[in-house]
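By letter and in written order, the chains are A, B and C; residue numbering begins at 1 in each of them.
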Amino acid sequence: MKAFDFLNQTSEITIPMGKTMVLDKGLGLNAVDDLIATAGDAITFVKFGWGTSAVMDRNLVMAKTARYAAAGLIPYPGGTLLEAALANDQYDAFLDEAKALGFKGIEVSDGSTTVAADIRHDLIIKAREAGFFVISEVGKKNPDLDHELTPAERVAIINADLAAGSHYVILEAREAGKNIGIYDNNGNIKVDELDLLAENGIDKLIFEAPLKAQQVALILKYGPQVNMGNIATEDAISLATLRRGLRGDTLGKIKSAADLAH
Amino acid sequence: MKAFDFLNQTSEITIPMGKTMVLDKGLGLNAVDDLIATAGDAITFVKFGWGTSAVMDRNLVMAKTARYAAAGLIPYPGGTLLEAALANDQYDAFLDEAKALGFKGIEVSDGSTTVAADIRHDLIIKAREAGFFVISEVGKKNPDLDHELTPAERVAIINADLAAGSHYVILEAREAGKNIGIYDNNGNIKVDELDLLAENGIDKLIFEAPLKAQQVALILKYGPQVNMGNIATEDAISLATLRRGLRGDTLGKIKSAADLAH
Amino acid sequence: MKAFDFLNQTSEITIPMGKTMVLDKGLGLNAVDDLIATAGDAITFVKFGWGTSAVMDRNLVMAKTARYAAAGLIPYPGGTLLEAALANDQYDAFLDEAKALGFKGIEVSDGSTTVAADIRHDLIIKAREAGFFVISEVGKKNPDLDHELTPAERVAIINADLAAGSHYVILEAREAGKNIGIYDNNGNIKVDELDLLAENGIDKLIFEAPLKAQQVALILKYGPQVNMGNIATEDAISLATLRRGLRGDTLGKIKSAADLAH
């Protein structure tokens, strides 16, 4: 049971919470235990950011994935690592090693490299066939390249990925959340672009939203069921309070399920 | 005994250190143990920020308050949680639950909601009667609303709160410390407003000062006995060094007790 | 063995990694254990920042240095603490206490105080004679004073320090990395100044580079063998990925040993 449980009862019953992906930049086991104990039930996915798992000891990575999975979370390696493997024509070895390490998900991305649409399609299929939960990412890590992607192109990729079998499509914003994807130089949402991206609904989208102002804006716009990613591990609890209207920024401002149905 | 104890002896003897409140945004028990072991004797209050305690397991919150209290620190839930309870007319339940969870202090605030002066007065009295250490907070979390509060109004609230029984009054600056209270858009102190607020002395005031530059400015102005809050847990040790002139920013610049008496 | 080891094999064999110094601002033992387990083999030096060790319990500091040293890392107290001791004419006591606490290195600096060249020379000699690994630091913590140092003067100090026996010379950038040393107000590298400083090679230099953009720029310019310091402990793993081309910023851009030989 939660502390101060009487405060949670209304919103928890009426509005399901969105999925949260946190960004594990290299936590040790003590910190992993702390994260699971404090915020485990508010987290769905744990991304081992970019290539961080490849500079850590195998046994340590296996211990981490085991703890996350035992708590019901889905650990997965960052898409950049997949891209590095792909550049060496090692995708099969990548999937095998990911499975051996205890990862439950795979992120398919082309943020740092170029991947043809048909190859991307095959990557998603293959990861699904190997039994992974699949999240594909749309966007470029280089802002100049990212700006070349029109909203219509992003929508097309989203739709193609979902058709290929991605469980969710995640919208790139990196760790910093500025001048990329739906965010301008100051990290504010470009609302027109967001609206275009979300025209088919947001259920299958995960918005990378590393900054608190982004999390607040998305919750106020879509309600607490919006899916968000690249949340710093130390902000997981804060995000849970924002979703429930238990921080000043959203207190008394969370839309009800009835509001959201309109 | 401290390491390099010979370096500490002069200042520790002559100038008492101010109170420090750290902001616990959702630490797990491993991190709590680390915080107490490293900086416990430099901390007086631990605020479980805003509604963070209400999204964590009851048993975990109780374990945390027990460890803080055993180390002589005063844990208390954020004022936003009190405001959420008050909005539901659940103040009594809030105090009961806070006591059951092992909190030793209560923060009375109206940062996110409107609370009439007479009700605020009663909240302070009731928390005192329930045996809590009481800190009341002055300021609004919304910058536009916060700017409407004149220094004279803030002083009036401070005086009323202390008269009602608050042990300390804390000046709001949020987690970010910019464009709020005594801080401008860049987080610099607005000296004129600070001087007005401090006209009756600073002994009973706690300045939220999340940024290092703010901590340095307050220590250089008032000496190490200035009370500060919303200190990030990872900065607790840094603040202790700033107070003692053991970081470049204050090395050789700490006022002596004699200076401060003038 | 590393996870995804097949991805590491090329670069690890051909290019030795530079030294990394992380900034320990007051970690507790749980966090120290996490740091060693995750990134220990990617770290050479651990600086206990400025005077942080002097506000912690002696036994705790001794436990920390013991764990770092057992993992093959070189712990050392921040230069500001040496300067504080020097101001009290307590250098011998400082070295004795550092040794008793288990520190393996000493940082000789004048970032916050003025130290004559001949005294600086003697400090380095004495620390070497006492059996310490010696890193001397060039630069002032106050930006105005720091700007008065010309590149030529910095080079002269570097050369004098190495002649006196410093194992490495570290270039000051503080914890924030802006408007100081080789960095402008935005934290970008002033390339002309950097080139002057590096004219005799970079093997014996450690660049303080707290910001990711600085780490990326130095790696792209000099290759992964560039030595960097003041790395936040939570960024140690990220830096290891940047050095190996396993983060988007450096993926496919790391110079080969052959490139670097030109």
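Points worth noting:
Here is the rule we go by: a contact is a pair of C-beta atoms (placed from the backbone, for glycine too) under 8 Å apart; a residue touches a chain by one contact, two chains touch by 3 or more.
Just so it is clear, the structure is predicted and the values come from calculations on it, not from any experiment.
Chain-to-chain contact here is organised exhaustively, every possible pair of chains being in touch. Matching the C-alpha atoms of chain A with those of chain C calls for a turn of 120 degrees, to the nearest 5. Per-chain Cα centroids separate chain B from chain C by 34 Å. Residues of chain C found to touch two or more other chains are 30-31.
Within the complex formed with chain C, the chain A residues making contact are 25-31, 49-58, 60-62, 77, 80-81, 83-85, 87-88, 90, 93-94, 97, 101, 111-113, 141-142, 174. Taken in their complex, chain B has these residues touching chain C: 1-8, 30-31, 33-35, 37-39, 42, 234-238, 240-241, 244-249, 251-252.
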